[in-house]
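Residue numbering begins at 1 within each chain, and the chains themselves are lettered A, B, C and D in the order written.
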Amino acid sequence: MELPFFYLFSAGIIGASLLMVTRSNVIHAALLLVLTFLFLSGVFVLAGAEFLAVVQILLYAGGIMVLYLFSIMLMNVDVSVRLRQFQRQTFFVVLITVILAVEVWVVLARGDAYPGYKGFAWAMGSTPGNVEALGAILYTKYLFPFEVASVLLLAAMVGAIVLAKRTIDR
Amino acid sequence: MADEVVNEEASGGSSPETEAPEAPKTPPGKALRELVDAEYPGAILEQTAYEDREDEVTFVLADDALVKVATYLRDHPASSFKILTDLTAAHYPDDENTFQVVYQLVSVDHSRLLRLKVMVKESQEVPTVSGVWSSANWMEREVYDLFGVKFKDHPDPRRIFMPEDWGSHPFRKDYPLEGLGERVYEKPKRKEIGE
Amino acid sequence: MVGGVESSSRIERITTVPGTEELVINMGPQHPSTHGVLRVILKLDGETVTDVDSDIGYLHRGTEKIGENITYTMFIPYTDRLDYIAAPSSNLAWVQAVESFFDWEIPERALFLRTMVGELSRIASHLLWLATHALDIGAMTVFLWAFREREMVLDLFEMAFGARLTVNAFRLGGLHQDVPPEFLVEARKFVDLFPSRVDDYETLLTENRIWLQRTRGVGVISAEDALDYAMTGPILRASGVKWDLRRAKPYAAYPYVDFTIPVGENGDVYDRYLVRLVEMRQSAHIIDQCLDMLPGGPVSCKTPRTIKPPEGEIYHSIENPKGEFGFYIVSDGSETPYRVKIRPPSFINLAGLKKLCMGELLADVVAIIGSIDIVLGECDR
Amino acid sequence: MIPELIAAFLKIAMVLGVISLVVAYLTYLERKIIGHIQMRLGPMRVGWHGLLQPIADGLKLFLKEDIIPAKADKIVFVIAPIMVLAPAFVVYSVLPFDKNFYITQVNVGLFLVLAVSSLGVFGIVMAGWASNSKYSLLGAFRSAAQMLSYEIFLGFSLVGPLMLAGSLNFQNIVEAQADVWFVFYQPVAFIVFFIAALAETNRVPFDLPEAETELVAGFHTEYSGMKFAFFFLAEYASIMAISTVCISVFFGGWGGIDAIPLPGIVWYLLKMAVLIFVFIWIRATLPRYRYDQLMRVGWKFMFPLAILNIFVTGLLKLLFI
C-alpha cells in the first residue's frame, strides 16, 4: 500500500524539481517548488512523520513560498523570461552536481557510521503521537540549540523591521 | 452623538435686505467701487448693475489689473470675496471684444455677490486667477475647452470635457449646430482659432 | 559570444533596481464606486495616493449650448437631466433664475410647494448618497434601507408630477398644476415616519467603530481650503463654514420656515456624513412646517405667452443638495437666452478631489469620492 | 485492500457530494437571510421560495462562456481556481461530523487543517498574478498579506484549547469537552479565533481582497463561468470548514445536552447553523475595514491577546492541574 505512493511522491519530487530548474519564468519555477514541497510532505507522511509533513506544508509552502512569490511578482518578470537561462556555467554546474551526488552516496552507503541518523524520523514515527516525542526532545535534549535559533530569528526579525521601516510624516 | 460634533444654531447669517432700506439712494456696489478705485485707480473700466440689485453688480476690469484686483478683493476685510463660485465666458463674434470672461465672486462674511468681467479680443490671453482661487483651475480649463480662450500661465492647460484631439471649441457662436460639422474626427485641425 | 555579453549587461540592468516604482491605477469610468462615468487616474506609492487626475466629460451633452437655442420654458426639462438625483432642485434653480428677470408675483402656495418638493428632492439625493457611500465602505444593509425610503419620495413625485426621476416639476411663474390632495396626506405620513428611519441608519453607522475608523480624519479639508476651492454645500459646512443659500439668500418659502444649519468641525468624511444626516432631518422638519402653513389659492401667476426677458444678465443660485447650484443667464431680449451657464456643484467640488486625496490610502479615495457626492450628469453637463 | 479502497472512495465521494450541495445552499441561505435583514425577500422565482436558485445559478455558471484574458498566463490562470478549491475540500478529510462520522483520523488533525487551508493563499496569489491586471494583483497581495497574518492569529488562538485537550486529534479534543465546552474556559481564544476566522474566509468586515467598490472584485476580477464558481464554492466551503473547526474546538463538536437525546450529527448541524447565521448577520451589519486598519487590528490587538492567552492558560494549567 505504501510503496506505490512512495514511488508516486518520489516521481513527483523529481519531476517537479526538474521542471522547476528548467523554467525560465520565475513564477512558474516558484510554483513548481511549492509542488515539490507538497510531494515531499507526502513522503514524510509515509515515513510516519506526520508532524514534520504538516510543518513542511504550513511553513515552507504556506508561509515562506508565499512571501517568495510576493517579492518575485513585484519584480519585472518579463525581463527574466527573455534572458538566456543557461550561461557559460555548465562545467561548474556539472562539477558541483557530481560532488554533491558523491557526497549523498557516501552518506547513504556508510549510514552505519552515523548512529544518530539511522531512522530518526522512523523511530519517532513508531511512537503513537510524534508531536509529544518531538516536543519532549526539543525542550529537553535540544533546548539550547532551540533557544539559540529563536534568539537568532528574533534578531533577524528586529533587523528586518529596522531596515524596512520608513518614517512617515502623517 | 450628532449634537456633539455638529453644533447647530437656531438661526444665523446676516440678512442683506435689512441694510438696503437704510441707504436707498446709494447705487449698489458703490462702496466696493470706491474700495477698488482707491487702491487701483483705473482698474475698473466700467460698472454695470442690473437695475438696483446689489448682487448683480458687475465691474469690467482691465485685463492686466485682473489678478491684483482679484487678490485685493479676496483679502480686504471689507470685501472678503473668498469664493470664486463661477467662471465662464460669453462669445460675441461681432463685437470688437469677442469674449467676455465672467467671474462670479461670493463673500461668505458679507453674504453678497460680485461679478467681474474681462473683455478680450480674439487671440488675446487672459491672466489666470488660479493662483488667487484654486477653484479657477478647472473652470478656466472649461472655458478654454469650450470657448478657446487661453489663460496665461495656467498650471494645467488641458481640455476638460472634450477629447484632447477635438479640433475646435463647441460653445462659440459660430460652431455649427447641425450636420457633421465639427464632429468629424478625420480632420481634427479644422479651425484652431487663436493660433 | 555576443549573446553572453549582452545578457550579462541585461543582468546588470535588472540588479540595479531603480528604487520603488509608482503604480498608476485607472479607476473608472465603469468602476462601481465612481458614481457614474468618472475616471480617476491614481498614482500610488504602495497604497498611498501620490497623484490624482480626474478625467471627466464622458457625459458632456452641451446642455448650455442647447439652452442657448431653445426658449426659456423649453429648457426646464433639460435641467432635469443635470442633477437627475434631485431633479426638482435643478428645475427650481432655472425657474427662479428666469423669474428674477421679471417682477412676477409668484403665488404663495406655489412657493411653499416648491420648497416642499425641493426639500423632498434633497432627501432623495441625500438618501442616494448615503446608500452608495455606505456601500462603498462595505455597509450593504444601509444601501437597501435608504432605497426603501427613497422609493417613498419618488412615489410622492410620481403622485404630484407623474414622473419619478426627471419630474419637470415647476414652470415659470409657479407650478403646472396643483398637487393632488393625497400628495399632502402621503407627504405628511412620510415626514412623520422619516426621522425614525434616519435613526435606523444612525444605529448602523454613526457609532459603529469600523465606520468611525473608516471616515474620521479621512479626506480632511480646512475651511480656508474649502473656500479656496469654492466647495459649497455639505462639504463647506462640514468644514465649519456656516454658509447656506437658503439662509443667506432666502428664496421660495425659506424665509417663513425655521430650520437649523448643521456645521461640522473637522471637515472630514465623517463630518460630511453627520451634516447630511442632520440636513435630512431638517428637510423633513421644513416639509412638516410647509404642510402646516400651506396656503390655498392658485399655484401659478399669469405669465406672458412668450417669455422675453429684458436685455441684461443674471446670476441666481440656490442650495442644491450637493452645493450651490446656479444659473448665469445673459439675455439679449429675445425668446432664447444668449448665454446659459450652469454653476454645477459637483464639477467644482470634484475639482478639489486631488486636494482631498493626496496622501490618503487607496481605499480612502473611494470613501472620499463618495463623501463629495457627485452626480456626473451635472458635472459634465 | 481493494474493498478498503473502494469504501474509502465512497466515503470521500459522499462527504464531497454532501458538502458541495450544502455549500450551494449556503449561498441560498445567505441571500435569504441578508434579504430579510434588508427588508426584501431574496430569491423567490426559481422553485418554492427560490429553493432551486442555487441549482439554477450553478447551471448558469456551467453554461457561461469561459474567458481567459489574452495577456493572462494561461496555465497558472487555469490552475489557480483549482488551487483555491482543492485545499478547501481537502480540509474535510480530517474534520469530524459525529463520533463515528469522519473520513479519517489523524494525530495532527487540527494542525493539518491549518496547514492545508493555508495553501489556499497560493490559488489567490496565482489568480491575481496570472490575470495580468492591476486590480487583480493588488487584490491578491492584499489577500495574501491578510491571510498570512490572520493564519498566525488563528493558529495561536487554538493553542490554548489544545493545551487543555492535550491533543491535536479532533476526536480527543471533542471528547475533552464532554463536560464543559472550551469556549467557557477560553473565551479570549474564542474571540480571537472568530475574528481571525472572519478574516481568513474573507468575510465582512475583512472582505478587502474582494472589495468590489475598491478593487472591482479583487483577485477574481478576470474570472468567469465555472472558474469563478470555483472561487465562490471555495469561499463557502472554507466558511463551513472553519465553522466546523470552531465547533469542534470551542463548542464540544457533536456533543450536546444530555437531557435532550439527539444524534450527534444533529447537534453538530444545529451549532453549525447558529454559527453560519452569525457569519451572515455580521456581513449584513458591518462596513469594511481599511487595509492598514485590518493589519493594525491583527498585529497590535489580536496577536498580543492570543499570546497572552497562551501564557495565562499555561500558567493556570501549571498551577491547578
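Please note the rule applied: a residue touches a chain if its C-beta (ideal position, glycine included) is under 8 Å from a C-beta of that chain, and two chains touch if they have at least 3 such contacts.
Source: prediction; values computed, not measured.
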Most widely separated chain from chain D, with each centre as the mean of CA atoms: B
Chain closest to the assembly centre - both centres taken as Cα means: C
Whole-Å gap between the CA centroids of chain A and chain B: 70
Chain B and chain D, separation of their C-alpha mean positions in angstrom: 60
Distance from chain D to chain C - Cα centre to Cα centre, in angstrom: 42
Centroid distance [mean C-alpha coordinates] between chain D and chain A, Å: 28
Contacts with two or more other chains, residues of chain A listed in rising order: none
Junction residues of chain C, two or more chains touched: none
Residue numbers of chain B (touch at least two other chains): none
Residues on chain C engaged by chain D in the complex (per definition of touch): 23, 25-26, 31-33, 47, 134-141, 143-145, 148, 204-205, 208, 210-211, 213-214, 361-364, 366
Chain C contact footprint on chain D (complex, rising order): 34, 37-40, 134-135, 138, 204-205, 207-208, 211-214, 216, 283-293
Chain A to chain D touching residues, read off their complex: 1, 25, 27-28, 31, 34, 50-51, 54-55, 57-58, 61-63, 65-67, 69-70, 73, 128-131
Residues of chain C defined as touching chain B within the complex: 56-57, 60, 62, 64-65, 69, 202, 206-207, 225, 227-232, 241-244, 247-250, 258, 260-266, 270-271, 274-275, 277-278, 312-315, 317, 324, 326, 328, 330, 338-339, 341, 343, 347-348, 350-352, 355, 380-381
In the complex, chain B residues that touch chain C: 1-2, 5-13, 15-16, 50, 55-56, 58, 82-86, 88, 90-91, 102, 104, 106, 108, 111, 113, 115, 133-135, 137-139, 142, 159-163, 170-171, 175, 177
